[in-house]
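Letters A, B and C mark the chains in the order given here, with residues in each chain numbered from 1 onward.
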Amino acid sequence: MGSLEHANWFMRLLFLSLCTIIVASVLLAQRGREMFIRRIPGLTAIEEAVGRATEMGRPIFFSPGLDSINIVTLQALAILSYIVRLAASRATRIIVGLRSPTVFPIAEESVREAYDAAGRPENFRPEDVRFISDEQFAYALGAVGIMAREETATNFLFGAFYAESLILAENGRALGALQVAGCPEPTQIPFLIATCDYVVIGDEYYAASAYLTREPTLTGSLVGQDICKAIVIALILLGVGLATILAPDRNFLLTWLGGGG
Amino acid sequence: MWFSRLLQRLFPPAPTPAALYLYLAFALAGSIVLIVALHRLLGPRGRRWLIVFVTFIAGLFFGLEYFYPVHGDPEKNFLTDWIEPVSVMLTVVGALTVGLGIYSLFQVHGRALAQRRPGWHNSLAFFLATFAMLVFGLWEHYLHLPQPPPDVLPWPKVVYEILFNGLFAPLQAATFSLLAFYIASAAYRAFRVRTGEATLMMAAAFIVMLGQVPFGAWLTSFIPADSPAAFFRLEMLGEWVLRWLNTPAQRGIIFGIAVGALAMSLRIWLSLERGTFFSEQS
Amino acid sequence: MSAPQPTTLSDRIQQIPRHYVYLLLAGVVVWQLLFPIRLPITPSVPTRGVYQAIAAVPDDKLIVITTDWDASTQAETGPQTQSIIHACFQNKKKFVIMNLQPPMGVKLANDLAQEAAKEYGAAYGVDWANWGYKYGYENVLMALAKNIPNAIGDDFYGTPVAELPIMEGVTDIHQVGLVVIVTGLSAMTEMWIGLIQGPYKTPLAAAYTAVMAPIYYPYLDSDQLKGMLVGAKGAAELEVMVDRPGKAVAIMNVQSWAHVLIVALILLGNLGYLFARGRTGGRQP
């Protein structure tokens, strides 16, 4: 088996194919081609959750996760933008709690633009976009404090969460809030499922942002990824079959995937 | 290689530490001048193309090194010898973001303190704690205590230990410990046998929870470890659930994450992202 | 959404106020800390894998222990690191500690190593060393694979690592016989596997918090990880193997009964649910 330090012809072919599929899907989507994404169950809950806050006359709390600027946080901000537009159209207040000081100005701008897009620029309150703390658990406790003091009716937890997710979600539940969460971290899914009313898990998180925003790059990328996953599944099935009938030293797929130069 | 020789001629190693600091100062000043000049001279479109170009070249380097055919023994191509210096350079550049993070924190807390926003006392606590750890941390470091440290420690080291091991570490550990209580209440409330799947999940949870602790092993210790029925010992059953039920699911998730990471990387490398946070509006 | 006020016994059983749950749990923890009921601990296969991987390192190679954890996970990763260090000293293997994130891990691990070094009469810089916190994630690993002294630079105390006796003959990753990742953070293992274990076939072992360990069973299964310590249980098992029962063993006494309490509470809640369902004729209460 070769080393994985450099690619062999099979790795080059495989990566080139996967990259071509993804890039082609993104470009096709950017050029206006409609791409189908199935309905994500957790997303119907967003309107319901915003509606609950409106009926109760209490604010919404949104946390875009703990990471700094990366794809997960940017997608969380895209979902925030969608929720703010929805809330703004119903004159419902939304409070955003942030952990990363780098994300803070971007989130503030995103919320301001969402209020503008909803035609309610006068409803934007800069003090409702709050930097809490850059320390993980200080952030969680600060966010819980906001939920308790502001008596939020609905909590949205979308983004990268880690050990503090249970602190946020369990306290939110104890305070009586309806909670919708979306997190791509596999380790936190059990805790969110046990404490939140609706959870968007794993790859559905990326699909959620594509579904809500209909951003061509996100939609095209998602469709491209699905095609790539089908190729990976086919390779797995082929590998399982070959490993069953061939000895390891005759298993050519094993050699190709070793990647030796 | 001609490029290596050219670089070695243009940037010879600094002969003395003072010369090194001079080089660094010139490099820093030169970089600032270059960035300001580019910012002024290039319009928004020009800046975008510069960012796209730099992003592409940066991403191309590692990808090309991996995919370009290799030869010789040890196997390498024309980029392999550059991996180490480029990685060291990127580490240095990345370390500057630590300063950026600190600057952002000072800015946010400074503004909260100056404007006496609600919770300004927390910002004051931030500054006090930051400077205390900074002062005593650096002081402790530059004491250059021998290894192993002496029995009687100098007072700056004692203060540092109080701040670190006496305050910071226990506070962090105590807050994390809250999770144990929340897990108990969440599990008690959430696990209900409403459906067949929920029952299966609960059964798996019981097996793994008890199998992971000595109590579970004790509970089924009457089953001989070398008998065919040893599989039903709780610790074996728990291990089976983790290795044969959990592992395939996790493997599937890993593949999904890997394909997702490939897609994300491609989008950033080729600057395909559009929207508010990138450059032009979509 | 808050539950309606409980009226019947079955409802009350399902909705025990959480403060009582917390008090019960606190009571169990205090009870076991003060009056522990010690149950035997048998090392599992993944834990034995870690010990065997340490013992199998050739004498002329180095063990790198990455301590990517902080005080929040110290209850699990602290005893894990400590028992790994004991295993290294007992097997007379030279090791270094390093840290990629978060920075405090390397200081906490340094304290543990100093304490253990006193017990074995080990000298810093000769039998063990601390490379310190290195910022850069993948970039550090890529540089380290090709040239360790250049990539690491100075140790935890500011001494150039090339000057340490333990680093004699250590130039690149081929002189590293094992990397043990001790972490409470995700994504660290993938970096080591992708950049070090995969290309250079450097043996890898790991120690994780119990929450994240299930994610890494695929790597154990495919032999990319030679062994794995799972949370405080793994630390306790390794403490037993190195004959140094300590914090992890004490934690397992507590954890045993805490798990029993949680299982009992879940069963109680479900009893109440089933009674309530029976009362309402099979309809959801």
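By our rule, a residue touches a chain if its C-beta (ideal position, glycine included) is under 8 Å from a C-beta of that chain, and two chains touch if they have at least 3 such contacts.
These numbers come from a predicted model, not from an experiment.
Minimum number of contact steps separating chain A from chain C: 1. Interface comparison, A-B versus B-C: the higher count of C-beta contacts falls to B-C. One inter-chain figure worth recording: chain A and chain C are separated by 28 Å, centre to centre, where each centre is the mean of the chain's CA atoms. Separating the centre of chain A from that of chain B, both taken as means of CA atoms, is a distance of 19 Å. In this assembly, the C-alpha centroid of chain B lies 17 Å from the C-alpha centroid of chain C. Touching two or more other chains at once are residues 3, 5, 137, 163, 186 of chain A. Counting partner chains per residue, chain C has residues 18, 72-73, 215 touching two or more of them. Among the residues of chain B, those in touch with two or more other chains are 172, 175-176, 183, 185, 187, 189, 191, 250, 253. Here chain B touches chain C in the complex through residues 83-84, 87-88, 90-91, 94-95, 98, 141, 144, 147-149, 164-165, 168-173, 175-177, 180-181, 183-185, 187-189, 191-194, 202, 205-206, 209-210, 212-218, 235, 239, 242-243, 246-247, 250-251, 253-254, going by the rule given at the top. Residues 16, 18, 21-22, 25-26, 39-42, 44-45, 70-75, 104, 107-108, 111, 114, 117-118, 124-125, 134-140, 142-143, 146-147, 150-151, 157-158, 210, 214-218, 220-221, 230-231, 233, 252-253, 255-263, 265-266, 268-270, 273-274, 284 of chain C touch chain B in their complex. Of all residues in chain B, only 65-70, 75, 77, 100-101, 104-105, 107-108, 117, 122, 172, 175-176, 178-179, 182-183, 185-187, 189-191, 250, 253, 255-257, 259-260, 262-264, 266-268, 270, 272-277, 282 touch chain A in the complex they form. Of all residues in chain A, those touching chain B in their complex are 3, 5-7, 11-12, 15, 18-19, 22-23, 26-27, 30, 68-69, 71, 74, 77-78, 101-102, 104, 106, 109-110, 113, 127, 131, 133-134, 137-138, 140-141, 163, 166-167, 170-171, 173, 184, 186, 191, 193-195, 202-203, 206, 215-217, 221, 224-225, 228-229, 232, 261. Only residues 3-5, 136-137, 162-163, 174, 176, 178, 185-187, 197 of chain A touch chain C when the two sit together in their complex.
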